[in-house]
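Think of it as A, B, C and D in the order they're written, each chain with its own count starting at 1.
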Amino acid sequence: MSEFSELVLSVRDYECDLQGVVNNAVYQNYLEHARHEYLKSHHIDFAALAKSGINLVVIRAELDYKGSLTSGDSFIVRTRFVRKSRLKFLFIQEIYRQGEEKILLSAAITGTAVNDRGKPFIPKELDHLLK
Amino acid sequence: MSEFSELVLSVRDYECDLQGVVNNAVYQNYLEHARHEYLKSHHIDFAALAKSGINLVVIRAELDYKGSLTSGDSFIVRTRFVRKSRLKFLFIQEIYRQGEEKILLSAAITGTAVNDRGKPFIPKELDHLLK
Amino acid sequence: MSEFSELVLSVRDYECDLQGVVNNAVYQNYLEHARHEYLKSHHIDFAALAKSGINLVVIRAELDYKGSLTSGDSFIVRTRFVRKSRLKFLFIQEIYRQGEEKILLSAAITGTAVNDRGKPFIPKELDHLLK
Amino acid sequence: MSEFSELVLSVRDYECDLQGVVNNAVYQNYLEHARHEYLKSHHIDFAALAKSGINLVVIRAELDYKGSLTSGDSFIVRTRFVRKSRLKFLFIQEIYRQGEEKILLSAAITGTAVNDRGKPFIPKELDHLLK
């Protein structure tokens, strides 16, 4: 139900921009990596799926930026995976600085899978996970 | 009113990921670059503002992915800048493949400015532009 | 003989790091993009080759950093393509700030091509170009 | 003498390009991150130095690419730090896939520090470390 996974990462200095904080786009990198790690922990391999002609794709991303990460920070990406509709799934993700409770970023990432003819579907491995 | 600016860019191969298309996070790079170019064309310099202690920050990003850019594509980022509320502005942005009318990505990026004591405000250059 | 191509690019603010200048790794992005544009202008398509099982690969990169690009800069990537040995080619590349003569970065990038069985070779399109 | 530090990292899928392997430029990201972690473990903070007007800069990078990392790989960045000359230091770095002995990338990164008037020097913290 309220199951979630947590990935601990550290800011790398090259991810900070001229404002001295992690660049906005980099959070999408963090979130994607956390989603793929989540899937991998459930034996679903994004890269292997892509090679086999099944592409997991993001349809919509909503990101609320509430605070900034900066050089030296360690942080947690919390990921939950739920069904959104027959053909869509949703990753609900949050980023916290390690040891703090304040949410720095909250995101809702809607996705689907597309087969090699471009048709959206939910592969049975994902379907199983969404139950 | 419905004024907008257009920036023409080309996909760089390193921006494509193992699915062979531009990675989701890279669109945020494109959008940021188009916003900064838009501001620069109105004599507002993101980097100079940051140096002077005024940081333009993204509060919320909504991105709808409707199609993919890939190696060899040229594309247009269309940017409009409107007031959202007293302390917030909004960039409405769309990405098209050059020569096509289909929107590949539409985005709404909400931002504000923060002074050197962390207080949100709208600098007068932006205020002028939003009128 | 001393033929070269020039690509004009502009720094994007997200390419700058917390030192306020373009991050070291980003120059490799610029150089790669310039190499691929050079090849494309000679009807050699990096992505199409990769799809067909022929991978152009970098074996060695030497980069001398002599100055920095920063926000607002436009710059030129100058690219020359020469044979290094039977199975190796060399891109000699330089980066200048537009309108200046001082070299900001000079690079020598050694590469080869690898077929789908991992064997190095020079595809005939490249061989032709190297003559 | 032959002291070195090791940093264990994992490939993130967005770091792979359309050839399906980690993009060449990304290795410079890995190496930079490993250098900064090395320095941090010796109480030298790249970002704090930059803020105080002392910039550690790369003068020359030599990278020999001998193999590729790809999706799913964990790898080790091994870093050694030695004096090169009065005003230059050298990071000798190697990347291995975890559990393998084959070097995938070997690099020699020459750097110096620059004070707020642009003059190269070796800060005493680094000088101490180089003895």
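The rule we apply is simple: contacts are C-beta pairs under 8 Å (C-beta built on N, C-alpha and C of every residue); 3 or more make two chains touch, one makes a residue touch a chain.
None of these values were measured; they are calculated from a predicted model.
Visitor: In degrees and to the nearest 5, what turn takes the CA positions of subunit B onto those of subunit C?
Guide: Roughly 180 degrees of rotation.
Visitor: If you tally the C-beta contacts, which comes out ahead, A-D or B-D?
Guide: A-D
Visitor: How many angstrom lie between the centres of subunit A and subunit D, each centre taken as the mean Cα position?
Guide: Their C-alpha centroids are separated by 28 Å.
Visitor: Between subunit A and subunit B, what is the separation of their C-alpha centroids in Å?
Guide: That gives a centre separation of 22 Å.
Visitor: Nearest whole angstrom, what separates the Cα centre of subunit B from the Cα centre of subunit D?
Guide: Centre separation, subunit B to subunit D: 32 Å.
Visitor: For subunit A, what residues touch not just one other chain but two or more?
Guide: 13-14, 16, 18, 20, 23, 25, 29, 32, 47, 71
Visitor: What residues on subunit C touch subunit D, complex-wise?
Guide: Contact set of subunit C toward subunit D: 18-19, 23-26, 28-29, 32, 47, 50, 55, 57-65.
Visitor: Within the complex, which stretch of subunit A touches subunit D?
Guide: 12-14, 16, 20, 29, 32-33, 36, 40, 45-47, 51, 70-72
Visitor: Tell me, which parts of subunit C touch subunit A in their complex?
Guide: Going by the criterion above, the answer is residues 13-14, 16-18, 20, 23, 25, 71.
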